[in-house]
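In what follows, chain A forms one complex with chain B and a second complex with chain C.
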Partner chain A sequence: MRYATKPEWRHQLKCIWGGLLALMVLTIPVWAESKKDPDLLAIDATATYHGTDFSAEYTVVQKKADQGESSLSLALFRRDDQDKYVLVLLKPDSDRGKGVLRIGESLWKYFPDSRRFEVTSAKDQLQNSNVRFSDFDASTLADDYEVIDRSKADLGQFKTTVLTLKATNDHVTFPKVVLWVTSDHLVRKRQDFSLSGQLLRTSAIPAYSKIGPRAVPKAIIILDELSGKTVNGRFINDRTLVTISKPAFERLSDLTFSQAYLEKLGR
Partner chain B sequence: MILQLAVRNLIRQAERFGVLFLTLALGGWLFVILLGTTSSFSQSLRDRAVRYFAGDVIITGYNDRSVDRWIDDEPAVDKAIRDSGVSIHSWARRSVNYDQNTTLYFSGTSQRQRRLIGVDWTLETGRFKGLDFVSGGPEEMIRGDGILISDSTAKKLKARVGDQLLIAMSTKTGQKNTVNLKIRGIFRDASFFGYSSYVDIRTLNQALGVSGTSVSEIGLILPPGANPAIAAHRIWEALKKTKPVVDFSSSESELDRALSKNIVDGTRKYAVLPLAVRLGPIQEILDALNAVTWSLNLLFLVIVLVGVNNTYRMIVFERIREIGTLRALGMSKVRLGLLFLIEAGLLGLAGAAAGWIVGNFFLWVASLPDFGDNVLMAMFLKRGHFVWTVPWIGLFAATSSLILAALAGAGGPTLRAASWKPVDALRHEA
Partner chain C sequence: MKSVLVGLVLASFIAAATSADSLDNLFNQANQDTIVKTPGPPVENPTLDRPVFLYFGNLQTQGAFATGWESAMDQSPATSLYYYLHLKGGIDVQPIPQARLIGTFSTYLPQELDSSVISNLQDGSTQSVSTISTVPSVTTSNVLSLDELFLDYTVADSLVFRVGKFVQTWGYGHLFNPGNIVTTTSEGVNLKGFVTSGPFEITGLVIGDSEFFSNKTHPLASELGYAGQINFLSGFFTAGLSAYEQIKEGATYDASIKTNVLGTDFYAEGLEYYLTSLQSWTPGALLGAYRVLQWPVPGKAIAEYWINGSSGNSADRSIGLGFVTDKIASLQDFQFKVKWLHSLYDGSGQVVTGVSFTPFPEMDIGLGVPWTYGDNGSTYILGNTDPESRRLAVFLTVNISLSFEKGK
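For the complex of A and B:
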């Protein structure tokens, strides 16, 4: 029997350590992924549209106690694989042509009158409504939150799992979120809280449209938990109704997700 | 002797000198009104601005985001202030939230704020007692759970002292945060300084998600009469030895240019700003007001000069026989000239004094009504009232000018009067 000599033994040990190190590095994404909550991953999967582009028309009706009702229409084009979307205002006529372009972490507002792009933030609100630009993003709950509590609850006709989420970074708008999720991983209700635990808004999604394997909300009702008016002893919250129509999943031109596209539409 | 003679002449010939006296008094009155008004506006505005912007000189740190202003190294700034040798009356430490999405809520109604200012009440409670409070006050703000709001905000929210407000804002990293605070005071303030609220610095810092001791601005209040621009420059010179600084700026436009030039990467750079820089267009209005005031004063002086000159020519013409009598009795030309000049000087002094008295009376009357509801005027008023101030230096200069104008106006005719031969003067028929 031949035994390994000292230099050979050292070489073998180096190979073993190197292999172990390579194995660890290669499996880091798996480890990271495994730290993400499976429920949140599943929710993200239903709300994110990979392998295709998404387009739809949104009608946003804002009801404010002291200002009455206002509405606007917009077209949304989204490419989740590349973290991009374009939003173009269709109505009212005074705002027609205004748009928003998001590419990765960068977000611009476009003003057709002055043909000017202005850097903005995903945390900003759309035309002073309760809807934020971040609401049009693909869902990244698994990246940004961890589940700190789970329970069961009935929500009208739905049997839901209630997930209490806490932000894992300080870049998200709402540090605490509570979700009511049905067994098909669709969010039916959501509450957003401030860092100090104050309820800021409540969103409800009563129904979804099923297009093949994908689901798109038909409507979203957003209640502003801070603003409203007391009428006959009852507090009526300001609310926003978002209706989504003509959802479609088909490949769009690359030009759609560019500043040039907004400039062309603005003309 | 000549002085007695001059006084006697003025008294005995009061009718003759009456118009001249009224002209000089009118000039004095106008000087007092114009200078007093401008001084009052400046003083009121300065007091408001010093309270709003934290001091006559403000030190802050700029980053590449315009609303992200912090002082990372407060000891270095303190050392620079000491090393500069600038004399300071008092100082302020503040944390300021410039995010205009900051909103106050009460019973469902909301009002956005231009600024939310965190104040170190251990240093500034006394100064805030000078604010025009409609109700409440700053005394309990040191407890940390209170807020001072403007009357326009209180009106919009239909809130009163003692009510609990919810303040919604974003942390430094953009997360939504809220804090509940009790209204401790409601103050009256003009639109330029309005829609800003004051809270405790520790409370604001906690809500912003920064350290409780963080400071975004240090304000220095200088002793009366000190020049903020000179003081700021001295502090800037001392600070630039140890910290990166923005080019020194003495106006808003200079600051804009300096920020564009100096803030190019993520390095925080310090700016030492005299109050005029922060006042921006309001300072330009004040400067224009001062320029108009002094132009008008100069115009009145010229009018007074011409008026006195014309009137004295007539007076001398009417007194030729008197001049002849005095010369015949042995009065020399020089003493005669001196007599007339003393008369003019005393007339100038009396006119200025009368103008002073009447002008200050008018200023006092103007300080009585409450103009608090007038939005345009509000920033120049104190507690809704015009402030009756006496700008001593300006008035001394104006009075001296009036007397000199009287002397200058009388000078020519006096020289001519003194040059008359006694026999010719006695022969003259008036």
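For the complex of A and C:
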């Protein structure tokens, strides 16, 4: 038997450590993937559009009990492979061409009046509505939440599984979420809670457009559980109706997802 | 036809969905999902879905009453009444998808109005606090001034050129913005090119400011200003390098990084100035934090620390704090603002507090109280834009703005 000399021993130790490190790096994603909830992975798969780009027109109608109705429409261009999207306002005419670029947690807003960009975190709300910029993200439920409770319930005509989720990181907008999911892995109803357990929003998605393996909501109705007004003894929540039209899955140019694109649109 | 019916059914239910219980009623209908076999083309580029020729205008009139003291409060206050009319107009022409021409002009009445009056109305009342960003400078010496005139041209959907007279603003600062190293681009003819490559965005800028040229009819390439910027955009942080050089002015180099930690944006810029007049290098820096607040009222808070090396003296340091609320609907669209800028170098500074009220979308009423302090000749005393050099003043402003846009 030949013992390794000191330099050889050092070299072998380096190889062992290198091999262990490589093994750890290679197995971490597999281990992490295996920890993800299969139901959440299936939901994400239908609502996330990898391998292509997604574009659609969104109309947002805000109904506030004490202020009447206001509306806006916007174009969404999304590239889920790179975790980025661009929103461009189409209406009202006075705001036409204003837009934001979102990459991960960062949001670039362009202000045509001062010809400058501002970068901020992406938890802001859209134009004073109760729609948040995070609502336009690709679905990453499996990355951000774990299922802490699972049950069956009827939701009108739909047979659903009710999933109670708890956030696994503090990057998410809502620490606790409850989902009503049909067997085709589509979220039909969602409740968003604060850390203290206060119900903040309830959303309903009554119908989807199914395009191949992908699904796009036709409309989302969001009730703001905290704001509203009591009319004739009955509390009327502020609510937002989001309708989604012209969904498409064609590749868009790289330029679309850049600051220059927003600058070009502005006047 | 089916989709129209589905839409009508949805709309009627949605109109009635005023509570969580009624929201559940939406699901009493049979499954209304539809299968789309051939999805349509992408949403049209918003700049294409518009008339070829647009013209637009904005008429703004502002009146203000100001009173205050130049130095000691035992003197009689200096009282002034200001008013002006600002007409701004322009064209926006897009003859082909790749090209777009934009031109804007403006004029002020009365013509003899000093531009410092206008900037003071803006600073002294509320606008500078509300935007907490650069207020575009105004020129009242010309009857009609050309603010911007530029052509955008996109090549192969990947390379964008902008040529003409245009404003370019770089930098992250809200209260101080030393990263805006190309402020001179508001004058002269400039050429900008932009290209994106993965997470990198690269901008090149050639600045043809007429003030640079010794012979304005025969400018030399060596007299042009040259600037470039490379930004790395990622979800976790943004980093950038930018540089500007002009033979008479000198050079400025800027390295910046910005990230968000626990909901607060933090940004840092390191600058190096070479001033041709001093033949020396001076460092500068900006450190800042910006946070969107939900408590005690929804708003935005800013804190910045600035080492101003642009004058060749890196001992010139300032701090700034700003807070502006969002428009508070329950208070009939009131907005409160406060900004404090203070020079650590000479002890001068300025505090501006203000409140604005928007009774109608076209009208804004503002009440502002600017207080400028420091020794005579200090930074903020010299920079005080009040035409009466009031150190403490009260401004009441009424602003009416009407806009239109027409196209063919």
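By our rule, the second predicted complex is superposed on the first by the 241 of 267 C-alpha atoms of A that agree within 3 Å, B and C clash if a C-alpha of one lies under 4 Å from a C-alpha of the other, contacts with A are read in each partner's own complex, and residues count from 1 in each chain.
Heads up, the rule we're going with is that contacts are C-beta pairs under 8 Å (C-beta built on N, C-alpha and C of every residue); 3 or more make two chains touch, one makes a residue touch a chain.
Quick caveat: nothing in here was measured; it's all calculated off a predicted structure.
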When chain B and chain C are modelled together on chain A, clash or fit: clash
First (chain B), second (chain C), both or neither touched by A:S194: first
Which superposed partner A:L226 touches (first chain B, second chain C, both, neither): first
Partner chain in contact with A:H50 - chain B first, chain C second, else both or neither: neither
Partner chain in contact with A:F235 - chain B first, chain C second, else both or neither: both
Contacts of A:D170 with chain B and chain C, given as first, second, both or neither: both
Chain touching more of chain A, residue-wise (chain B, chain C): C
Which of chain B and chain C A:L155 touches, first, second, both or neither: second
Overlap of chain C and chain B interfaces on chain A (superposed complexes): 121, 123-124, 170, 235, 237
Parts of chain C lying in touch with chain A, wherever the complex brings them together: 6-7, 10, 13-14, 17-20, 23-36, 39-43, 46-47, 49, 56, 90, 92, 100, 102, 131, 133-136, 152, 154, 157-158, 160, 166-172, 174, 180, 194, 196, 201, 203, 231, 233-238, 258, 260, 262-263, 265, 267, 290, 292, 326-327, 329, 403, 405
Residues of chain B that touch chain A when the two form their complex: 101, 105, 107-110, 166, 168, 170-171, 173-179, 207, 209
Of chain A, residues touching chain B in the complex: 65-66, 121, 123-124, 167, 170-175, 192, 194-196, 198, 200, 226-230, 235, 237-238
Complex interface listing, chain A residues touching chain C: 53, 55-57, 67, 75-77, 83, 88, 90, 93-94, 96-97, 103-106, 108, 111, 113-116, 118-121, 123-124, 128, 155-158, 170, 186, 188-189, 202, 204, 206-211, 215, 218-219, 221, 223, 225, 234-237, 239, 241, 246-250, 252-255, 257-260, 264-265, 267
